[in-house]
């Protein structure tokens, strides 16, 4: 039995949730689960239909993006996952989807403003949208550069990856992360729901303003603050 | 066996209907069932996934918001439920969801106008949208104040809680109520459907006007008037 | 066994298809099946949830709207069905729903223009939208008058009930009919799909024009003309 | 056993996927699978509900559109399939649906611009929209002419059927194709998803521009280029 059985199971379960939650069509998405101590992660094999996945065919990759264990080619987005795991030592899971509304926002190159408590329950900021990369980066090591594009844009927004666990990559689609793969999947469903609500809100009121700071702070704190009182 | 078994069962069933009706993602919602005589209600425990709910893990809370029976922490919105039950002696159930279209209207800070009989079958008025609270109330006993915000806004609209069993809380989401928890759930599905239809109607005709009073009155009366002839 | 067993079965099956096709929430709709020779029809009992329906609890009503057989009160829309069956001797089924997109069009008081072959496969005209009735008709025998409102508006549009088997009633919702209840259900799903497509088409192109006559004629004829070649 | 058993099975499976993927209502669509060597294809019988389909009732038709084997009348769109198979020797499957968003774009007579990588993963160009035919072609051999309309418009756009495997027919709906029927079904789901995302993107940003060439090229190449690294 693989010494990576735990992250294999975790990555497998996370991947299987994506179609169940309506977040992926065919193979348009991938989830990974990392072991930060061993500096490896388990990720979906590229282009394999969800119904053929198993813990055993997850691919084990190190933080440089090299396959450590597994016969299949890992997800084409593997380098992006590797870069993020390497630089963000507190995360244990990453998810990438092309979910419909999140992708539409990414295609519009716009961040998603905070219009309500559903959003504020998860982050105190607009969900950032990283701009498309320069042509030479695109032509170069594209997926590797995507990782840096995500990190650089978060920094440019003055945000840490602990405060906001989701981002849109311009002209592309959402990436989310979290302490483990299940949390990253949760965040990918949250970003899709927030994206849909925000689009509908703008349709109802084109000049809508973000909600006020007091309410943003309250809702985030009741879930995540020192005196949080949400959950058990 | 708990003396509150009846409201435990009622609250449990009501909560389980919320994901089934597509009204909640993850744990973004809660239902409660009250015993007005004993001045207690059963409510969903906070942050517990729907698939782990049972009548036994509903939390019994009194109308001051204090837990009477149960090991788990009650929903973070418990104080709002408590305030409403305490002041509205005729209701036996309350539901709060972040359903997509209802929440979009709440985020736009707009009441939902009556554009058709689907709406008028349930209320003769626009579905009100309470404005966000003042910053000090938000920073204070937020969920408790939310209860008063709902009651005050209904009054300001000249409506009683018997006439309209649903409201939007600005920048937040819908709350609904009724004679029992099942009716409150029913109302939460109704507000979502009305919200979607009204948004689509405005898209088809930006300058649409509410429908005329004769039709509003007729449809409400045939379901709820003295000579109602809907149902058995 | 009831001599009306056939239309009981037919009406029951038709009603059960409505929630399955996503056309009704709760009890917001009804289907009936008529026996034109005996001048009676079987219709859903009022306000009874779909899961409690059976052929046996369909209500048998004559073309004057009087109950002939059955203990339950018939649908509140029974008089509308009765009027249409009485005057349109070639139809054997009627369906009324509050399906989301069809209702949004009805709420906008606009007919649905023909933008494509999906629509033309079913009718050569825009789907008419009858205007709301006068206040005194609404206050009078409302459902009975709704039947005449439908017939009068079809005539005013220069259409026969054989050419177009679907209509919107302004501020209300769609009614459809056909040679039997199954065809009326089919038409209710078609009007919802056409309504959604037409709304999206207008969003993509606000100044869109109806498609040209040659194409309208071709598609209708290949399904319904003398030399039709669709189906078996 | 029919010598065409293989394409019967392939066409049957492809047709059954259409309702499962939410791409057809009732019988509004058809899939076929061709044997380019024998110059025949298996196609859905016209107007037969999906639940009554079987490999055995697929109709075998030659590339002139004549039935070779089968008792049922083939799909009313058979001539379009025949023309495309005859002229495009590299394809083995064709699908036609009236999927909601794809049809809305077709009804707007607009090609679908490339706004993101979801689109670029499948084609480097906007998804073309062939204009409606002239009135005399419509009145003539309509479905046969539709095949030429598709081929001619592709050419007019400077595209080969190998580069782009999907097209909209103006005022009608999407057609897709591929090396086999399964690929054509896949493409029909892709065009629907891209169509929805593009519509939402325009709603978020009415003046949105197509994404830049470097990114279009990169995403297409990583899936389809000489050095493609997507899939196994």
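A, B, C and D label the chains in the order they appear, each numbered from 1.
In this text, a residue touches a chain if its C-beta (ideal position, glycine included) is under 8 Å from a C-beta of that chain, and two chains touch if they have at least 3 such contacts.
Which chain is which protein? Per UniProt: A, B, C, D = L-ribulose-5-phosphate 4-epimerase.
Since the structure is predicted, the reported quantities are computational estimates derived from the model, not experimental observations.
Engineer: Spelling it out: a chain qualifies if it touches subunit A and also touches subunit B; which chains qualify?
Structural biologist: none
Engineer: How short can a path of touching chains from subunit B to subunit D be, counted in steps?
Structural biologist: Minimal hop count between subunit B and subunit D: 2.
Engineer: If you fit subunit A onto subunit D using the CA atoms, what's the rotation angle, as a multiple of 5 degrees?
Structural biologist: My answer is 90 degrees for the C-alpha fit.
Engineer: Where the CA atoms of subunit C average out and where those of subunit D average out, how many Å apart are those spots?
Structural biologist: A distance of 33 Å separates the two centres.
Engineer: Measure off the straight-line distance from the CA centroid of subunit A to the CA centroid of subunit C, and report it in whole Å.
Structural biologist: 46
Engineer: Which positions in subunit C touch two or more other chains at once?
Structural biologist: Residue numbers touching two or more other chains: 203.
Engineer: Name the shape of the chain contact graph, picking from line, ring, star, complete and other.
Structural biologist: Chain contacts: single closed ring, each chain with exactly two partners.
Engineer: Output every touching chain pair, sorted by label.
Structural biologist: Applying the touch rule to all chain pairs gives A-B, A-D, B-C, C-D.
Engineer: Inside the complex, what are the residues of subunit C that reach subunit D?
Structural biologist: Subunit C reaches subunit D through residues 115-118, 186, 189-190, 193, 196-198, 200-201, 203-205, 208, 211-212, 214-215, 218, 222, 229-232.
Engineer: Show me the residue ranges of subunit D that touch subunit C in the complex, using the header's touch definition.
Structural biologist: By the definition above, subunit D touches subunit C via 25-26, 28, 45-48, 72-73, 76, 98, 100-101, 103-110, 132-133, 135, 138-139, 142, 171-173, 199, 202-203.
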